[in-house]
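There are two complexes below, and they share chain A, which is joined by chain B in the first and by chain C in the second.
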Partner chain A sequence: MSVNQQVTAGPSTKSSTFRKKSVPYLLIFPAVLFVAGVLAYAVISGILLSFFQYDLNTIGRPFVWFQNYIYLFTNSAFLNSLMRSIIFVALSVIIGLILGLAFAISLYRTTKYGDFFKGLSLIPYLVSGVATAVMFRFMFASDVGLINMILDTFGLEQVLFLADPNWALFVTVLANVWGIVPFTVLILLSGIQAIDSELFEAAIVDGASKLNLLFKILLPLISPMMGIALIWLSFASFNMFDVILPLTGGGPLRATEYLAVYMYNVAFTEFQYSLGSTVMVVILFFNVTLSVIYLKIFKSAE
Partner chain B sequence: MSQSGMNKAKITKFINNRLHFIPLAILAVWTIFPLLWAFSSSFKKPAEVYQTPPQLIPTDFNFANYMKVFEYDGFLRFLLNSIFLSVTTTVLAVIISILAGYGFARYAFRMRHILLMLILVPRIIPRASLIVPLFTGISALKLLDTYTALIITYVATAIPLGTWILAGFFKVIPKALEEAAQIDGAKPWQMIWYVVIPISLPAILTVSIFSLREAWNEFPFVLAFTTSSEMRTLPYQLFMLQESLGMQDWPMMLAFTLVTITPLLILYLIFEKRVVNGVTSGAVK
Partner chain C sequence: MKKNLLFLFVFLLIGMLTLAACSSNGGEEDASTDEGSVDNDSNDSGEDNEQASSDDGENITLTVWFGRGDFIPEDNFETFHEENPNITVETDVIPLEQSVSDFIRNFNAGNAPDIFQTYHENIPALNTQNALYDMTSQYEEWEANDPDSYNKLMPQAFDVTSYDGAIHGLGVHMGPRWHVYRNDLFEEAGLDFPETWDDVIESGIALRDSGLLEDGQYAYAIVAGADNAPNWFQSQFQAMGGEYVDGVPQMDTEAGHYLIDFYQTLKKEELIHPESISWTSGEMRGAFIGENAAMATIGDNIFPVIKEDLSEYGEKWVASTQPHRPGAEDKWRPNASSWPMVVSQDIEHPEAVTKVLQYLIDTETVREVAHRYQPTTNSEVMTEQEYFEAKPWQEELAEPFGEAEMIPSSTVHPQVMSVLLELMQYTITNPDEDPASIAETYQAQLDDLG
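Right, the complex of A and B next:
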C-alpha cells in the first residue's frame, strides 16, 4: 500500500472539520457495533423476554407481566438452585481465599525458583472448563477414581462422590477452585508486593510473632486486595457453567444445578426460553450488585 | 543472649526459612497433580486405569490412545473448527480493539464517556448468562449452526478487554511520534498502521493471547448455537465424548483432554511473562 500524499486542492474548511470530527466515531464504530449488537442486545432482549411467555408449548408470545418472576420465586427447583449456588459460592470463596493467600505468601517469601512457581501456579488458568471437569471426574469417579483407590488402599470404604448430593457439591467446589485460584494468587501477590518490606523487618526486630505479622500487619495492609479477590472469587463462582455441566450436569438430584446450569436446562432441555431469560435477569442482578461492591472497594483502595 | 536462646533463635530461623516451602509444595502438587495424573493415565491401556494400587507411571507407554484421538471420526474437523474460530476471532477482535482503543485514548469527542462505558461495562457480563436471548436472536436471524454466529458472538465478548488493555497502553505512549507524522500529513489510519501498531506490539500480543485462550476454550456459545456435529469445537466434542461413550474409554478421553490443553500450554511457555503481567493488570485495573 503506497502512502497517498496528494493533498486535495483546497478542500472547503467545513467538510474537512466535519471529516476530522468524525474520525473518533469511525474508529470506535466497529467496537460499538459488535458490543451493542451482541451484548447490549442480549441483555435488553433478555429483560424484555422475561415479561413474555415464550416456550415451545405456547402459541405466540403473550405479555405476562411478572408471571415468570412469580413462577420462579415460588418454584422449588429454582429456589433449590439459588440455595445450592449460594453454598457453592460460599465454599469456593472460603477455600479459594485460604489457598490463594497461602500460595501468595509463600510465593512472596521464596527467593529461589519464585518465578518458576509463579509460572506454575497460573497453569490452571489456561485449562478449559470442560477439560478441568474431565480431569476431576476421572479423579473422583467410583470405579477408576484415584481418590477411591487411595481410600481402598487404606482399607476405607469407597465414596460415590458424584452420586452423593453433598459430595458432588464438594467436588464441583474443588474443580472450580482449581480453575480460579491462580487469578486470586496473582491479585493477592500484587497486594503483598506493594507493601513496604521495611514494615515487616521493623516488626520482626520488635519481636512480633508470625501470627501477629499475618493478622496485624499483612492482612490489614492487603485488605483492599483481599476485597478484590473476594469479589472476584464470588463473581467467577457464581457464574460458573463450563466446569459444572460436563462434571455433574447439575446432578445428582439437582444438587449441583447452580443458576447458570439451571438456566441452561430450563431453556435448552425444557425449551422455556422466557423462563431462561428470567433466570438470566436474576443472574445479572447478582452480578451488578457484586460489581457495585467491587467498585466501592476498589475506589477505597485507591 | 544465652546459649539456649541462641539455639531457639536458630531453630525458629530454620523453621521460618523452610515453612513457606510447605504451602509451596502444596501449591505445586495441587496445581500440577490433576494434569499429571491425566497425562500419565492417557498412556495406559483401558483396563490399566482400573488397576489397584494406582500407578503414576504406566507399565508401558502406549501411544494408542493418542492415535485413537487423531483417528477419531471428525477429529480433524473439530481441530480445524477450533483453530479457525480462535484465529478469526483474535484477528477481528484485535483490529477492532486497536481502532477503538486508539479512538478512546487520543480523541476527545461528544458522548465519549457513555460510549466508553458501553464498551467496557459488558466485561462484567458472564457469557454463559447470555445464551438464551442470544439463541433466540440468532435463530430469528436464521444463523443457528453457522460460523458467522459464533464469530460475531466471540468477537463481541473479546472486544471489551481488548479495548481496555489497548486504550490503557496507547494513553501512555508519547504523542511526539504521532505529532511528527501528523505534520507530514499522515491520515489517522496511516498513523495507526505505521506509527502506533509497531510500538504497541507487546500490548497487541497480550490482547491476542487472551483472545486466543478465550476462543479456544469457549464452551457455552458453541454448545447453545450449533446443532450439527460438523460445527463442534474441541471442548464441545470433549463434552460429547463424556456423554456418548457408554463404557467410558478413560485413557482416550484423557488423551483428548491433553490434546486440547497442549497448544495453549506451548503458547504459555513462550509468552509466560506477558500472560502473567496481563492477568495481573487485567485483574487489578
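Right, the complex of A and C next:
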C-alpha cells in the first residue's frame, strides 16, 4: 500500500509543485496584461512607427528605415528642444534632490504632528498639472503677479518672467520641482526612517559633527533610495508635459519646448505621427540610460 | 531565476498576442458592422444600405461630433428626430483641436463618426488620407429638389470644404475677425478711427501720449503666445494684402515685410503689453474687455461677451473691418475662419447625412446658434432684422462678411503655422532687425515645407 502510494505520489507531487509555482504568475497575469496593453503595446507600436513615415501629408505608410531619426538629429528645432530638455532636467534634478533631502530630514526630525506635516508636504503632488501651471502663471505675471509685487515692494524693477526665454525656463523648473519634490521626499524619508537611530546616537557620542552625520552616515545609508529618487526626478522631468503646455506653451521662442512638449506638437499639432513616435523613442532612450547609470552608481556605492 | 524570467516572458508574449489579435479582429468587425449602426445587419454593402434606408425607412443611427458644445442646436436634434423618425442622431463634443487625431484614429479602426467638425484648414490633409466623402452629387440633388433652401446658402458654405474638385462637407458657420476699438477713448482724444495700419500705429502713439491710458493700459492687444496658432497674425496678413502660393503665405513680399514692421513698431513704441509674447487669446480678449487695451483684432463670436461685460455696442466700443495697408487698398480683403461639418469617407447613408447637414443649416435651426455664438453662412439668417438687433455690429459689417475669404491652407498647413508662430515671436523679440532679412529667413523655411 505504502509502496503504491509512494509510486503514485511522484507525478502528483510534481504537478502540485507546478501548480503552486504557477499561482503567483496566474495572479499577476491580469496586471501584466493590463500594463502590456496600456504601455508595452503602445511603446512597441511607437518604436515600430518610428521606422515608417506616417503623417497626414503622406499617402500610406512607407517604411523609411532611420530617416526620421536622421531628420530629427539634423533639425534645429529638435536639437534646441533636446538641449533645453537637458538643462531643464539637470536643474530639476539638482534642485529637486537638494530640496527633497532637506524636507525629508526636516520631516524625520519633526516628531510633533509629524504625520500632519507629512500629509501636508504631499499636497503639491496631488494638485493637477494644469492647476499648478495656472497658479505659477499668476504668481509670475508681470502686472498682478505675486513675485513682481514683492520685487516692487523692495523697489526692484519688474521682471517679465514669462516673456523672457531664460526666465521662462527658470519658472518652468520651479513649477516642475514644486510638483515632483513631494514624492522625492517620501522616497528619501522612507530611506532615512529605515536607518537604525542608534547609529546616529553612537556617532554623536563619538563627537561627529552634523555634517559628518549627513555625509558619513545618512547619505551612504540612503544611497539606494537616492538612486530611486533620482530615477523618479529624471523620469518626471523628461516626461513633463501637463504643467509646461498651459504655463508657457513651449515658448517664448521655443525656450521651454522640452522633448515631451515637442513630441506633442509634432504628433498632434502638426500631425506627423511617425516623427512624434521617434521623439518618444529618444525620450525613452534617455530615461532608460539615466536609470541604468543611476542604478550602477548607487549599487556600487552600496 | 532564469526559469522565472522565461515564465514571465511567455506570459507577456501571450498577453501581447492576445491584444494584437483582439485589436485586429475588433477593427475588422467595426469596419464591417458598426459604422452607421444599421439595425438590419443583413446588408453588407453601403449602397445596399443606402437603398434600404431610402426605400424601406430602415432605422439609421448617425454619429456627429461637434467641435464645441456651443455649435449644437438648442433643441439637440429633437425637431429633426420628429421629422425623420427613422434617423437617430447621436452627438458628441470632440474639441476642434483634437478632431483630426481622434477622427483619423477612429477612421483607421473603422469606427469613424459620420460627420465631424474641424478647422477648415485641415481639409487638404484629410483629403490626402482619402478620409472624406465627396458630397457633390448629394448637393446637386439638393439644389435640384429644394432650390429655395439651397440658394439661401452663401458660396463659402460649400467652398470651405472644397478641395481637388470635391465638396467634403458643409461650412455651417463662418467666423470673421474684425478690428475693435474703444470709441470713447478715440473721441476723448479727438482721433479719427484708423483706416490704415499706419493709422493704427499713429493713433496708438497718440493715445499713449494723451494721458488717457493709465499704467497697465495699452493701445493695442495681440496674441503672440506659443500655445495659440497664429490665426490673428495670418488674418492681419491677409487684410494687408498678403499673398499665398498653394496655400502657403509669402512672407518675403511687401505685405510680409509690412506685417513684420508693424509688429516691431508695436513693440518698439510700447503700444502692446510687454508680456504679449506669452499671451493666450483669452488674455488678449480680456485686455480689451477689461479696458486695458484700446484696440484689438477679435473674432465675431466674442462680441456678445464684449457687449455683456464692457458696454452696449457703440457706447464704449465699436467694430469695423480690419484696416488696409497704405497703398494696397485694392489688395485688402475681409477674411474668416470656418469650422465646417465634414463627412467621413466611410458613411453608408449619404442621404441621411445630407438631411442632417440640411437641418443644421436650416434657418429655424441655425438662427439660434448664430444669435448667441458664431455667424452662419445661411444668408437669410444673416440679413434678418432680428439678427441685427441681436448683433448690432453686423448691420455695417454684413457686406464684408458676405465677401469674406477663408484663410488659405495646404496639406502642410500645421507646419506652416509653426513657422509663422516662430516668425511672429522672433519679430517681437527683435524689433530692430531688418524686416526683409527676417522675412527672407522664414520664407526659406516655408519654402522648404514644399
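Going forward, the second predicted complex is superposed on the first by the 251 of 302 C-alpha atoms of A that agree within 3 Å, B and C clash if a C-alpha of one lies under 4 Å from a C-alpha of the other, contacts with A are read in each partner's own complex, and residues count from 1 in each chain.
Just so we're on the same page, a contact is a pair of C-beta atoms (placed from the backbone, for glycine too) under 8 Å apart; a residue touches a chain by one contact, two chains touch by 3 or more.
Nothing here was measured: the structure is a model prediction, and the numbers come from that model.
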Superposed partners chain B and chain C on chain A - clash or fit: clash
Which of chain B and chain C A:59 touches, first, second, both or neither: second
Touching partner for A:186 - first (chain B), second (chain C), both, neither: first
Which of chain B and chain C A:211 touches, first, second, both or neither: neither
Contacts of A:143 with chain B and chain C, given as first, second, both or neither: both
First, second, both or neither for A:228, with chain B first and chain C second: first
In the superposition, chain B vs chain C on chain A residues touched: B
Touched partner set for A:131, first chain B, second chain C, both or neither: first
Chain C clash site on chain B (candidates 110-118, 164-172, 200-208 or 272-280): 110-118
Where chain A meets both chain C and chain B, residue numbers: 25, 28, 32, 36-37, 40-41, 143, 245-246, 267-268
Contacting residues of chain C [partner chain A, same complex]: 7-8, 11-12, 15-16, 18-20, 98, 100-101, 104, 125-126, 128-130, 216, 225-228, 273-278, 280, 411-412, 414-415, 417-418, 422, 425-426, 429
Chain C-facing residues of chain A, complex: 25, 28-29, 32-33, 36-37, 40-41, 44, 56-59, 141-143, 160, 162-163, 168, 245-246, 248-254, 257, 265, 267-272
In the complex with chain A, residue positions of chain B that touch it: 16, 20-24, 26-28, 30-32, 34-35, 37-38, 41, 49-50, 52-54, 95-97, 99-100, 102-104, 106-107, 109, 112, 115, 118-119, 122, 124-126, 128-137, 152-153, 155-157, 159-160, 163, 185-188, 190, 213, 216-217, 219-220, 223-224, 235-236, 238-239, 242, 250, 253-254, 257, 260-261, 264-265, 268, 272, 275-276, 279-280, 283-284
Residues of chain A touching chain B in the complex: 3-5, 7, 21, 23-25, 27-28, 30-32, 34-43, 45-46, 49, 54, 99, 102-103, 105-107, 109-110, 117-132, 134-139, 143-144, 146, 149-150, 152-153, 178, 182-183, 186-187, 190, 210, 225, 228, 232, 235, 239, 241-242, 245-246, 260, 263-264, 267-268, 273, 276-277, 279-280, 283-284, 287-288, 291
